[in-house]
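Next up: some structures, all given as structure tokens.
After this come two complexes, each holding subunit A, first together with subunit B and then together with subunit C.
Now for the complex of A and B:
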């Protein structure tokens, strides 16, 4: 019988599989950090984890709760500062970066600043932090989020972090380096971006989910890949590592 | 400059340091990052003295920002992030103040804020960057034109221009330099000659101190000059950059100070509960900030057993196994 899991566990396990061994990933705390830790314990032991606040390649002993947490530089190769990590991103030495946000549009632009008018916001969020920098400067950005119509919107109230901006060629025209959104992992599916138009495209449906369900939870027209796949559920081994070694306090997986 | 070396004239209490360097309306840079090494003893003193109309500049700030905003000390903020990780996805008093129009806020990114401090340290008026081109972070201004005097508030938020040297079709964003009136940081050690040592992540503390007109450093301990001279490559700031030194053990509480103590989940959870509610927040300020007569009294309120629980393990540098839920 297939093991039981919650949606947070599913998203973390799926995200971890995209992180190739030997690459560098910039993570925030929470689910992305859990995904990076799980990847290191499964297929990518040489994955380098970087925290924007200055922790470079730590041997993460316990789940940090902020990118400024002292755990982010435990047995690290460096406990550095923001100039060090941001120059690393700017020189194109970071392969993956995880982002989060309150709103995402079809080109993968993200809002983590506010709902409503910027000068008189209805809801204020924390702001960019390093998210805009990662989205601007890293090669492949990834998002893990719950799938809902209020989150996947036609237009972001504020574009905090750049995706493909207005579509193909827009990043280059704005002066941004090559790169952009790579995968969006939700509780319903995995999405990528159409090679030509740079519009969001369903690539893999999670167990028990169909295209209509995903479209029903999305506020814009979603493309569907002609190689639409079915997401492999978490394995027993992935779940054991995640629950016993990555997040025994359930700081992240307990939030599902 | 000779008189700026050594601790003579620099060693003072938090009250003296704040009185001397943190005045109504001044621009202050607050060091640390979310729940790590925030100069909290100074922050509480600023709140107690009811300093007003501060212009706060920071990258990713959490606890210090939230207490200063919540105590009504701040009028303007330039910042990249107002959050406290798991304890506050968005800082509560910050959020309320921005939504209520009580403070003006102008958003930048962590890279941009760090570079802006670096530009101030370089004594150049601006610095170029590739971060954020094409986004609202560059396009939306939070400060109104009437306060953009070109002095402590830049005449514009950002200026995008073509690379004047290489590819004419390649844009860069020019960011205005920051030169805060005062920079506040909490460090682990300061030597008897005023040298500063920071253990662990330095965030943008060094850049903001080099850019500021005055630097206040609170520290866990004062150590002999010869000790910090043994490993000069481990030192963060030379004595001549430091104006005030205040020894305050646990001076970053409830945020962490690597190798000395972890963040205090008990206090941050308490904070989370009170900061959401205006009445509870007012009572919290009365109890924990205004009503506390000394730093010793504050630590007594936190409690000896709790301070032991968050004490850093000598090897790990934090408190392994601490219940952080």
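Now for the complex of A and C:
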């Protein structure tokens, strides 16, 4: 019988599989950090984890609560600084970064700044933090988020961090280096971006989910890959490592 | 250098390096005793209306002892810059101390959620804001530290973050590529919390440095708050460890626990219960006013606040968490 799991566990396991061995990943707290830790314990033991505040390749004893707390450089190879990690991204030495936001549009642009009028916002969020830098400078950015119409919107109220901006060629025209969004992992599916138009495309549906369900939870027209796949559910081994070693206190997986 | 596009955000500080040099020309280089209380440091170096910045990242290695004092002395009209300012931002919002803000990460406390009071203040329309990315702010400080008028990045381009900043997209004179020019930022006064310092201000930070090398060198005035005051000979025994030399420093404040309830690497972890209490009481403005009266306005010093929060006993508990002694 297939093991039972919750949606957060599924998303973390799926994200972990995309992190190749021998690459570098810039992570934040929560699910992305769990995905990186799980990847290290499964197929990517040589995945290098970076935290923007300066932690380089720590041996994380537990989930950090801040991108700059002591855990982010626990038994690390270096306790560096923000300029060091960000220039590493700028030089092209960081392969993956995880981002999050309140709104995402079909080109993978992200809003984490405000809803409503900028000068007197209805809701003020934190802003870029390091997200714009990662989205601009890392090779492949990933997002893990719950799938809903209020999050996947036609137009972001504010573009905090760049995806493909207005589509093919727009990053280059703006002066951004090659890079951009790679995978978006939600509780319904995995999405990538169409090679020609750079528009968001369903690539893999999670067990029990169909295309109509995903489209019903999305505020813009989604493309469907002609190689549409079915997401492999978490294996027993992935779940064991995630529950026993990565997040035994259920700080992240308990949120589902 | 061709300017291709300009952000419309406000530029609060003059990026002219010669004006900065004129200031630094007359800044004292004397290796003298700079010890003083947090109260005196704020009275002397953080007047109403000045531009202030804090070291550290998130709630980690923040000079909370100075943030409390700024609120207690009811400073108003400050400028402030925040690359991932969390609890320090929350404290300054409690006193509504600033009304000009260079924001890279504000309002939130990372995994702990958003500060209700900071959100109320930022949504009031009373604060003039320019948005930046964390690295753009660090690059502004680095340019200031280098004594040049701007720094260059390849981030922010093409986004509303760029539009709401005071950055300019420029054409590289060598390659013709588009780069993002960010203006140098020399804050009037900066506070940085460190592990050890001598009475002259020679300071040692342990763990990640965040942007504090750049920030300390960009600062016109620098207040060092330190967990431990050490003899100058301790500094001289291991000069490799020094990250901030004395001539950058104006005030040295001995403040064990001065980062509480934040995380001070190798000494104490963040007090998550107390931070959760801040978040909880902020939901109700009346309850929050009483909370501030108890913890900030109703006490004379940060040490009294620490005592109210459990003092040395609590710091010892947090030390065990920090050292992963389960």
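Note that in this section the second predicted complex is superposed on the first by the 256 of 256 C-alpha atoms of A that agree within 3 Å, B and C clash if a C-alpha of one lies under 4 Å from a C-alpha of the other, contacts with A are read in each partner's own complex, and residues count from 1 in each chain.
Going forward, a residue touches a chain if its C-beta (ideal position, glycine included) is under 8 Å from a C-beta of that chain, and two chains touch if they have at least 3 such contacts.
Keep in mind that this is a model prediction, so the values were computed, not measured.
Engineer: Following the superposition defined at the top, how do subunit B and subunit C come out on subunit A, clash or fit?
Structural biologist: Aligned on subunit A, subunit B and subunit C clash with each other.
Engineer: What is the contact status of A:57 with respect to subunit B (first) and subunit C (second): first, second, both, or neither?
Structural biologist: The answer is neither, since A:57 touches no partner chain.
Engineer: Kindly classify A:249 by the partners it touches after superposition: subunit B alone (first), subunit C alone (second), both, or neither?
Structural biologist: A:249: touches subunit B, not subunit C.
Engineer: State whether A:130 touches subunit B only (first), subunit C only (second), both chains, or neither.
Structural biologist: Both partners, subunit B and subunit C.
Engineer: Give one of first, second, both or neither to describe whether A:120 is in contact with subunit B, with subunit C, with both, or with none.
Structural biologist: Both partners, subunit B and subunit C.
Engineer: According to the stated criteria, A:7 is in contact with first (subunit B), second (subunit C), both, or neither; which is it?
Structural biologist: neither
Engineer: Could you tell me which stretches of subunit A are touched by subunit B in one complex and by subunit C in the other?
Structural biologist: Comparing the two interfaces on subunit A, one with subunit B and one with subunit C, the shared residues are 29-30, 52-55, 61-62, 65-70, 72-74, 79-83, 86, 90, 109, 113, 118-133, 136-137, 158-162, 165, 170-171, 173-177.
Engineer: Going by the contact rule set out above, which residues of subunit A touch subunit C in the complex?
Structural biologist: Residues in contact with subunit C: 28-30, 52-55, 61-62, 65-70, 72-74, 79-83, 86, 90, 109, 113, 118-133, 135-137, 158-162, 165, 170-171, 173-177.
Engineer: Touching subunit B in the complex: which residues of subunit A?
Structural biologist: That would be residues 29-30, 52-55, 61-62, 64-74, 79-83, 86, 89-90, 109, 113-114, 118-133, 136-137, 158-162, 165, 170-171, 173-177, 249, 251 of subunit A.
Engineer: For a test of understanding, state which residues of subunit C touch subunit A in their complex under the given definition.
Structural biologist: The contact residues of subunit C facing subunit A are 4, 56-60, 83-84, 86, 103-108, 110-112, 114, 119, 122-125, 129, 131-136, 138-139, 142, 153-161, 164, 169, 177-180, 206-214, 263, 265-266, 269-270, 272, 322, 324.
Engineer: Enumerate the contact residues on subunit B facing subunit A in the complex.
Structural biologist: Touching subunit A: residues 32-37, 59-60, 62, 79-87, 89-91, 94-95, 98-99, 101, 107-112, 114-115, 118, 130-137, 140, 142, 160, 170-173, 199-207, 256, 258, 262-263, 312, 316-318, 320, 323-325 of subunit B.
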